[in-house]
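Consider the two complexes below, in which chain A is the common component and chain B and chain C are the respective partners.
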Partner chain A sequence: MADGLINLTIDGAPVSVPPGTLVIEAAKQAGVLVPHYCYHPGLPVAGVCRMCLVEIEKAPKLQIACATTVTEGMVVKTQAPAAKDARQGVLEFLLINHPLDCPICDQAGECELQDFVFQEGQARTRYAEFAKRFNPVEDFGPDVLYVPNRCILCTRCVRFMEDVAQEPVLNVSERGDRAFIGIHPEARLDHPWAGNVVDLCPVGSLLSKDFLHKARAWELDKTASICTGCSQGCNITLDTRDEVVVRVRPRPNLEVNRYFICDHGRMHYKWMNRGDRIEAPLVRAGAELKATDWDEALDRVTAILRGTEGRTAVALVSPGASSEALALAKRVFTGFTWTGAFQVVMGEDAPLAGVPDLALRAERAPNAKGAENLGYTRDYAPALAAAKTAAVVLVLDDPDCAVDTNGALIYLGTVLGENAACRRADVILPIANVAEEEGTFTNRDGRTQRYYQAKPAPGMAQPAAWVLGQLAAAMGPAEAQR
Partner chain B sequence: MPIGVKVMKRPIKQTSYLRATLKGMALTFSHLLRPKVTMQYPEEKSSKDWTLSSRWRGTHRMLTDEQGRAKCVACGLCPQICPANCIKLVPGEDEEGNRYPLIYEIDEFRCIFCGYCQEVCPEEAIHVGVHYENSEYSRDRFVYDLERLSAQTHPVSTLWDPSDPKGE
Partner chain C sequence: MGFPHKSHPKETVVLSQHFGDADARTLKGWTKRGGYEALAQALKMDPVAVTDVVKESGLRGRGGAGFPTGLKWSFMPKEKKRPHYLCVNADESEPGTFKDREIMRWTPHALLEGTAIAAHAIRAEVAYIYIRGEFTEPWTIMERALAEANAAGVFGTIKVYLHRGAGAYICGEETALMNSIEGKRGNPRIKPPFPAAAGLFGMPTTINNVETLAAVPHILTRGAAWYKGLCLSNPKSTGTKLFSVCGHVQRPGNYEVTLGFPLKDLLYDMCGGPPAGRTLKACIPGGSSVPILTREETEACLLDYEGVVASGSMLGSGGVIVFDDSADMVYQIMRLARFYAHESCAQCTQCREGTAWTTKIMERILAGQGKTKDLDLLLDLSENMTGKTICVLSDSCAAPIVSGIKKFRGEFEAYLAGKRQPVMVS
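Let's turn to the complex of A and B:
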């Protein structure tokens, strides 16, 4: 075993962990999940829920696994009768006032209280004759509702706002059985990262208004993806129900976003479900655009590219396109005098104070760094001017592009506005959006991260990388074009 | 060469059908004297000897509360358990903040009448009914919406009770 590690035994399994590790984390390495509520790896340890009680040999009493650090030769028994008994007692206390309205609770199916009661709670209550505490639902902020009846006072939300967001607007008000999560009377839970309290809440006490009643947890399909909200590149999970994206949740990545995403990213999914999509390739026939199949549309593009005299090309791309698509959009124009540019929408910076190097970045472009690496430039205005005289202009996934050209215009996009400049394109090719394709983004720190397909593309739309790959293949190998 | 057919010589006692006819008619007429079991459906729908079982699983009925609203809270368990995938449910919220079904539709053609929806319902809202007369003039009338399900008045099924397997 490596030096500097501490050896201990958890439920009979030997594990070696660095000094200072908490027993609950060491248990995860042994494949044991100690039931817990107040503990969260992204928050300071509070030790208030008493749910993670375990037996440790030679310790006089049961210890809480979330606040006990490992020592050499420690023997931990999570399934000892005394520990199970104590945890069952904690669950019984929690259930005295818990409303058990699971059928109408949004958390049902992903509720830690449900899971652990099912795992080791008792089936019946001994407090049936007393009425449960009742408090009305409170409106905490733009996207957060507080249902005090369901609260188990784990204080994860309080600690998140205090230590991670560093805007302490929540507290535990009152005491004992009257305790509830209180909010500062003059404040709202409107911090740009406040939505994380909904994910942190182990029960259905803090709810997202956006997701309220939208779907049950067991109906959701989950797909690993990357947030397109800004250039930070937070890892997310796209939750889809019947091929509609209904929710975005953070996916832990200790190197990028830890356990959190900002509210901008959390709400940045509705455009993925747009209904007014281009569903078939369109080619110009006189003044009209005619829907056609892929073979004809791609042949038309190849003919345009082969037939141009000027051999100058401008690519105006979206920094939200995958690196694969961007690379192929360049390869299509091998042999041309090529200019590639992208435009970045700027917004407000919103850092998360408690986590270094994590913020909602002002640059609202998930793949700006990737585009730069591939030779695209940020000098958008000169490229737009150059487009006027270029022989071929390719617009990739930028419906609002104010392009004006005398040459041929090829538009690859998801949507087409009523008065969009791209309406006068010679060929319009429908492409998939980020939820409908696989690809990679390179974030501002140069980390290349992959995202996966969450739902099918509408109609005949294909991933931009496939379309541009077909074109590049049709144009033949690079040396043949000279 | 003609095929030779052997003709058996039998006594008349064996070849006469008179005895058999009389025997058959005796049975027929004896039924006139037996108790009547025919029921005049549809004027009569049950008799003292025959009723529909209380465990019969027929077309659905949604129970309502005192205010006449459906008891359903749109928890989503019935569409989840339904093996025929015949229940469509879209949850919503009413003015008082209660969760209720915006859309609740059961396609009775798709339904296999297993009764799982009734078994799984935590609010005892959706039930399969003791009911079998379902004729309609068009196929789309067999998609029952919430209003129609709530308007049904037939008795609901008691389903099979494991503690009383023979229904006694």
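Let's turn to the complex of A and C:
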């Protein structure tokens, strides 16, 4: 046993944890999930749902695991008959006024009330013949609905708004069984981080309007990803249904985003499902662009790179491209006098007051730092001017790039607008978007994080790193190129 | 004094000596009666010495829990690093209890003096007296007394504030009271931390009941040995206690007796027993939150902390509710359950849902719609509501249910069997 740790036993399993650890957290180390509702590691402890009651040897009565700190030699029994009975009692109390409308509830399948009732509850109600409490659905904010009938008053949402967002617009209104979550009469739940209350809600009481009735939880595939909404690099999960991204949820990372993401990031996914994608490589045939296969398209690019008279190249890239693609986009031009540049869309900062170093950053790009580390510059205007006379210009994943060049133009992109400057490119190569490839981003603090593929790319589109890797390989080793 | 009746010879009149005497309400009148001598004496003593006297006296909390007062004071940090607070719990809301109201109505300076002494003992610079919102008359009297005392500068550097409750029973729970003073919703807090470590505004805090503090000046002036000598039964229960007797007795009111006094004598001798032609049926000895006693248990009960426990209930706040043979125990218990369902703060699941469900079942039984399984269901719910929540409100709802069904099962069964006329509409 390591020094300075507290040793205790949970359901017979010995664990050693730092002093001050809560029993509920120590139990996780022992592989035991103590059922709970109000407890959340990202929120202050409330101790109100009374679901995590466990038996602790020598304690006169059952204790709540979420508010009890470990002591040396403590013996915790989560499965003691008294503890199980108490939790079953709580579940029964929680269900008496619950509408049991799981078939039409968005939370079904990922509902902690369902889970723990299934695990520990009883099959029948003893609350027969009494009417259930009814309150109408309330519109809390731009993306949040409150369904009071399903509410178990765990107060996670209240504590999030009060202690984490520090905009206390929610409360528990009324007393006894008349209680419900109230919102300040003149306020809306429109804080830039308000959407987290939907994730925090352990039941289907707080719902996202955006996701409302869009999918059942069990139909969703979940993929680890990184938010592209700004340079914070929040860890997220992309939920896809039938290869369409339908929801973005935070993925805990204590160093970056704790348990939260902002609403901007949460809603920053619809473009991933765009239907108007470039689906095949296009090569110039006089005034026209002709669809072709990858071999011909890549050959055409190789020929351009090998055949240019001048050896100057400009790469105008998106700071949302993966570091892998950015590195290869540079290597392709080995031997060239190369300038790489990117521009960042700027917005408003929106910090989450209760969490240090967590904010929606003004810099709305996930990989600006990565691009910088690889030698790309923020001096975009000079690079754009230099493109005019460069022998080769490569535009990577920037459909709105106002490029104008007398040299060859190669565009790697997902979409091609009607009036896009890149329409005059010599070769257009279809690439995957962030949801369709694997790669890494480096966030503003220099943390490099990997994201994974959540859905297939349309048509013949390939990850930019693959495309540029093919080109780099075709160009041969650096020393052979000249 | 058996206010509003004359003192009964069997009473030990200490706190209630000036009840009914309006002159004692004024600073002048109070000083004339020996008031503020104890405070002057205490301020010359070391705080630890004051605490030791109170410890020695055996004084225990009169709000309900009966925790030794001196010991509680000694929990405050020895080394003072942060502000200390004293809270005075004058949120007397326990059904059947009306002793603190009389202390504030008639002897406001007794409370203020006790408050100042306690503040000195725990080295608090600020004391808050949290007065129940419905106590309009005591509030006015306390305000006037405080203004007089402040004008005379009797508290020295100690600041005393009155804080008015807004009508929630739960704010009488010590940590809910602190939240309420802080301007928050009056929800009980999880303990630990205990108030002596982190109480009001997160600072070390002691909270005492009105009656407890009103006894402190007497202990200081007359000595711990005198107070300790006031004991008729168990030596762990010392001093006098006010009992608020209500219900089916001929002379309801506040009666002050030495601890260990027989409940039977209180009810029959002092209060005149049940109305003519009626017999005693049951009694709740310590405010609505404690188990009900049968007639036999009542008549054998000694009024001190240990004695009432031995009889199967608790001394609580000393609110004695008496039922004669005309009382419908099922209806009375329903009224208690309904009170707790109304007052539950809604934090803990068992309390929020359990008190309301219990009330619905009780109402159903009284409407003649009860099911045979209802009694078992009530007992089972009560079990789930006992010892599992942040505070004891849900336990308090369960106590009369459990003891009521145990001791008056026949009355419940009469409703279930349709042998008793329903008294409620379902």
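Simple rule for what comes next: the second predicted complex is superposed on the first by the 482 of 482 C-alpha atoms of A that agree within 3 Å, B and C clash if a C-alpha of one lies under 4 Å from a C-alpha of the other, contacts with A are read in each partner's own complex, and residues count from 1 in each chain.
Here, contacts are C-beta pairs under 8 Å (C-beta built on N, C-alpha and C of every residue); 3 or more make two chains touch, one makes a residue touch a chain.
Remember, it's a predicted structure, so these values are computed and weren't measured experimentally.
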| Thinking of the overlay built on chain A, is A:137 touched by chain B (first), by chain C (second), by both, or by neither? | first
| Of the two partner chains, chain B (first) and chain C (second), which one does A:104 touch, if any: first, second, both, or neither? | first
| request: Would you sort A:219 into first (chain B), second (chain C), both or neither based on which partner it touches? | output: first
| remark: Chosen between chain B and chain C, the partner touching more chain A residues is C
| query | Who does A:152 touch here: chain B (first), chain C (second), both, or neither? | reply | second
| query | Thinking of the overlay built on chain A, is A:238 touched by chain B (first), by chain C (second), by both, or by neither? | reply | neither
| Residue ranges of chain A touching chain C (in the complex, touch as defined) | 45-51, 53, 61-62, 64, 67, 85-86, 89-90, 92-94, 96-97, 126-127, 129-130, 152-153, 155, 171-172, 174-179
| In their shared complex, at which residues does chain B touch chain A? | 73-77, 80, 91-93, 97-99, 122-123
| Contacting residues of chain A [partner chain B, same complex] | 102-104, 108, 137, 212-214, 216, 218-219
| remark: Per the touch rule above, chain C residues touching chain A in the complex are 168, 170, 185, 190, 341-350, 352-357, 360, 364, 373, 377, 381, 383-384, 387-390
